[in-house]
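So that you can tell them apart, the chains are marked A, B, C and D in the order they are listed, and the count of residues begins at 1 in each.
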């Protein structure tokens, strides 16, 4: 059994890692780490875990970094940089869900995160934890940086066309996310009565996930995120200007071939009503589209569960590859329909 | 007092007309019409109306078309055409919320509604019930055709720029609507468990509101509607390529001047988080934007309540103008915050 | 015009007072008070108020307690006691929405609020702001203490039977409230992802609204509140053991007579599906029931909007009575159906 | 591998059976049956099943009743009686989720279902599919009738006390269910805009699940169901008058011993906020309580997922026992927290 530790265990991605890893046939959860709730059992905070996962929360310090083969970091940005040397001093492989090592360019980090990166020399050396594009690097990696939830949906929706040189001009990525994307921190916009029965735009053309999208897709993107009154799910509506006319069959072929070996990308030509509900609860990214030949654009719909394929599930998918396990092991494949 | 009748009284726009008109200081509701529930009191169907509005539902026939000065048609498309001669035979002014007389072009009607218009000679002769653009025609009109809910949000968001010749190339209108936009008819996609906790796209580049948007804005539009798990509200995110560089101040001036005399359009430069909640429950359309000078686009956000400014409220606004009442009379101005 | 001030203006009951009072034909909002956001305009916090109510938030201090005829206190408990002498030093009538002066008995206050009342001598001297029972006292009062939201629903549902001596034994009050009952403070259980898609019980047999219910109804009550994933509305299901057999007609008579002059209580025998939606958005309390003669109980359903009849609307109803205005003035009467 | 068939596959319990059984390590789904959609692939109706379960829907006729070892009936009441002889003519074991064979007494069936039972001689001969009480009978059964969702929550919450003779007088069962309990049929009260932002009571003291509750618990019950605006989950608040004073420890002991060998009942003394979210997504029933010694009552909270422990999961639990598999095999154990 692979012994795993989870830092940031009490947040929403942490608790989702616990849920998924507790059912993984080759994993035992060995350690949970927290900053603010050290010494408390996770099942005191989350009573539904009682009798299932009852580990006590440890501080992220050397003396507690024992008995783990894989360490997941579900931390706010800044922490992984700060703890980097400590974390590398132990033999565990590290899967970092934070933003710290996603970008290649320290200038982008400064621009979008408002502070200088403290380990700029590492940027570009750590593989991005997006198995559909970078599984080769992942197999030998001992540190992987998973992309953001919005970013994953856009990267997977755009790359087959952009990497084939078929994108002409700026892509518009109009993304919609459930509220869990904001995490469990206490802020007014995350209150039930603020988010319920309302649909909002925020962070237009300035969101932190933009530079990683542009880096991976190699396309210019106008990214506009929105908040949906639901807990989980992202749908990105991607308006892609095509460099040349393509037929329905062309697009099907391009996406199907690009994802021929990707177990979690569902290419769905002709899907009638692209919905987050077809992806939520699974590690799938469901891709469909509407071709608009009169204006030489294709509207691509990319749907995923922001906590699974957009975070914890993708991190486990990375772990499976890094630990030479079947890529799909322990990851849910069928969405609960409702 | 103005005596009003409402055809299609038991649907969601019908019931919203009843709610708003029952509080209108110059109106008395005189007649309610229904096709399927003739002879039943409206308060049997909607028990919260008991003791407030207890009228019996009549058939839409000549002998019942008495005692009304204004008739609202909250009917499916096809009905207003069919009943046109009957309706014109009575002295009432008519405010038609259906799609029958919105378009100028019978070919568009055929293309988008799948059947030939039966009164094509009337198309183009009936003013569109969008007071912000056509109040002059409305004052002398005795028949007005109100635009669709999505269409209203796009028309109001785009027209100040497009009418000034400032739009270059296709606009992308990515709109999101609450479920009430689908009405009260029994269809699977309107079930609670289907719509809840899911966000979906549908009707991309083929929705029936598209031709009226393009007609009014005089712009080419790629329109992509989406379904939000909430009851009310539309937010349209409008990606507008600019014909020349504009500053923030330019855009503020353009919108403010365009809507200088429009009591229900709120031009809100710098609005931090454009949300349907700032419009829902009122007859307002709230317009804000994010300028993206690096790509010479502006992203305009247009928010309204699909049942009020998108339907019943706008129809009453039209009535106020047609009956020479203050434009804002009887229409809610402050949104319930939650 | 009556000049009103609102203390605690930026909370959910405060903002609802602003919304309702801004449409009240005999009121002008003169002053808004806040503790934490002094000097800021209310429309900076609530952008939808821009151009409608733009007052700056003042501190609740003597020098700002000018130009007001009525002062609403939408404050946490403890504040009204603390400020009592200050508030009584000005000529304004006071309508206190907090818990400070609801109870007659200082021991109950200590038991349920965990601290001694600082002005116990006043308890029992201030009328309870429940117009359906105490309108007589209200007309001459210059300070009124409004009951809690849950408490209002239970008091109105139980009193007609209990005051007639028809209740035998403990009543079970199983109440369900939307999330806005918890206010706008930042606590974990009020987060969207915590409350959404979950139904919870809390505070069983120990909630603070219990002693005021028992005081007013003169009945023994087992009170069990629950949290519903919706913003507004309370439904209390009241299991009332009857002291003697009663018929349907008896119960209709008892409730109808009890509320014969109450404009906001809707007595609805035979209501098929008692729902918060028939009350939400109005100042109504909708009362219906199911008689269970085999076990000599009646199950009474009492539905209201916790922010209106349960708080801000009821406070305005009190103001209308205290200021000799029509009881219903400025208060919404028809629920938006959806 | 056990080959299973599912009749009524396209409804909400059907689709949940498919989801759970597709992940069951000892099961292969062999046949799906439908009445209205014969000949269509299940993945045309539910696109998220494409590539995972693509079976075509067959009619429930003899020639299609092949290749199955276990047949699940997710049908409306009436169907299982009607098809009983047909179904017994094949070698498969049958797990009936409908109401047809739950009750022992044909008079109760007539009273609550409004029609005479067509196979009254069978009533009382078929074990009830509630493994926590009847696992012994189940092991040798070839036909099992699973109880209703509300009924399961009440039976599990009440039986430990009632079977010990500790209940005095009528129990009040105030239950709250998510909307999926109403199934996928097109009725107005199941529309999103009807159920959303509203909490309703219905069927008080007359719901069809009442006689099975009273039969199993051997207690007199006043049952009052309510509809919660969420998709899944039931919380039953059970007001139980005690025959003698009991301490907290007594109750803990009684429930813990009663469910000592029940893998899916979580007895949770001291659970702070009993919530459906601690059970939803799993096959658990979570039981907690608040003791009210002053009135010699205990308020028991019983939470489960109406589609899993209340329907499809419990049916699979029965299958596991009937087929001599581990009781928990293939059934989810950890709730997704949000």
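We take it that a contact is a pair of C-beta atoms (placed from the backbone, for glycine too) under 8 Å apart; a residue touches a chain by one contact, two chains touch by 3 or more.
A quick note: this is a predicted structure, and the numbers were derived from the prediction, not measured.
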Cα superposition of subunit A on its sequence copy subunit B - rotation in ° rounded to nearest 5: 180
Higher-contact pair (C-beta pairs counted), A-D versus C-D: C-D
Between subunit C and subunit D, centroid-to-centroid distance (C-alpha), Å: 39
Whole-Å gap separating subunit B and subunit D, where each centre is the average of the chain's CA atoms: 45
Distance between the centres, which are taken as Cα means, of subunit D and subunit A, whole angstrom: 36
Shared-contact residues (touching 2 or more other chains) in subunit A: 12, 180, 193-194, 196-197, 229-232, 272, 277, 338
Subunit C contact footprint on subunit D (complex, rising order): 170, 172, 174, 176, 178, 189, 193-194, 196-202, 204-205, 220, 222, 224, 226, 228-233, 235, 237, 239, 272-277, 280, 290, 292, 295, 297, 299, 301, 338
Residue ranges of subunit A touching subunit C (in the complex, touch as defined): 12, 179-180, 184, 186-188, 190-197, 229-231
Complex contacts: residues of subunit C adjacent to subunit B: 12, 15-16, 18-19, 22-23, 46-53, 180, 197, 231-232, 266, 268, 271-272, 277-279, 281, 286, 307, 333-338
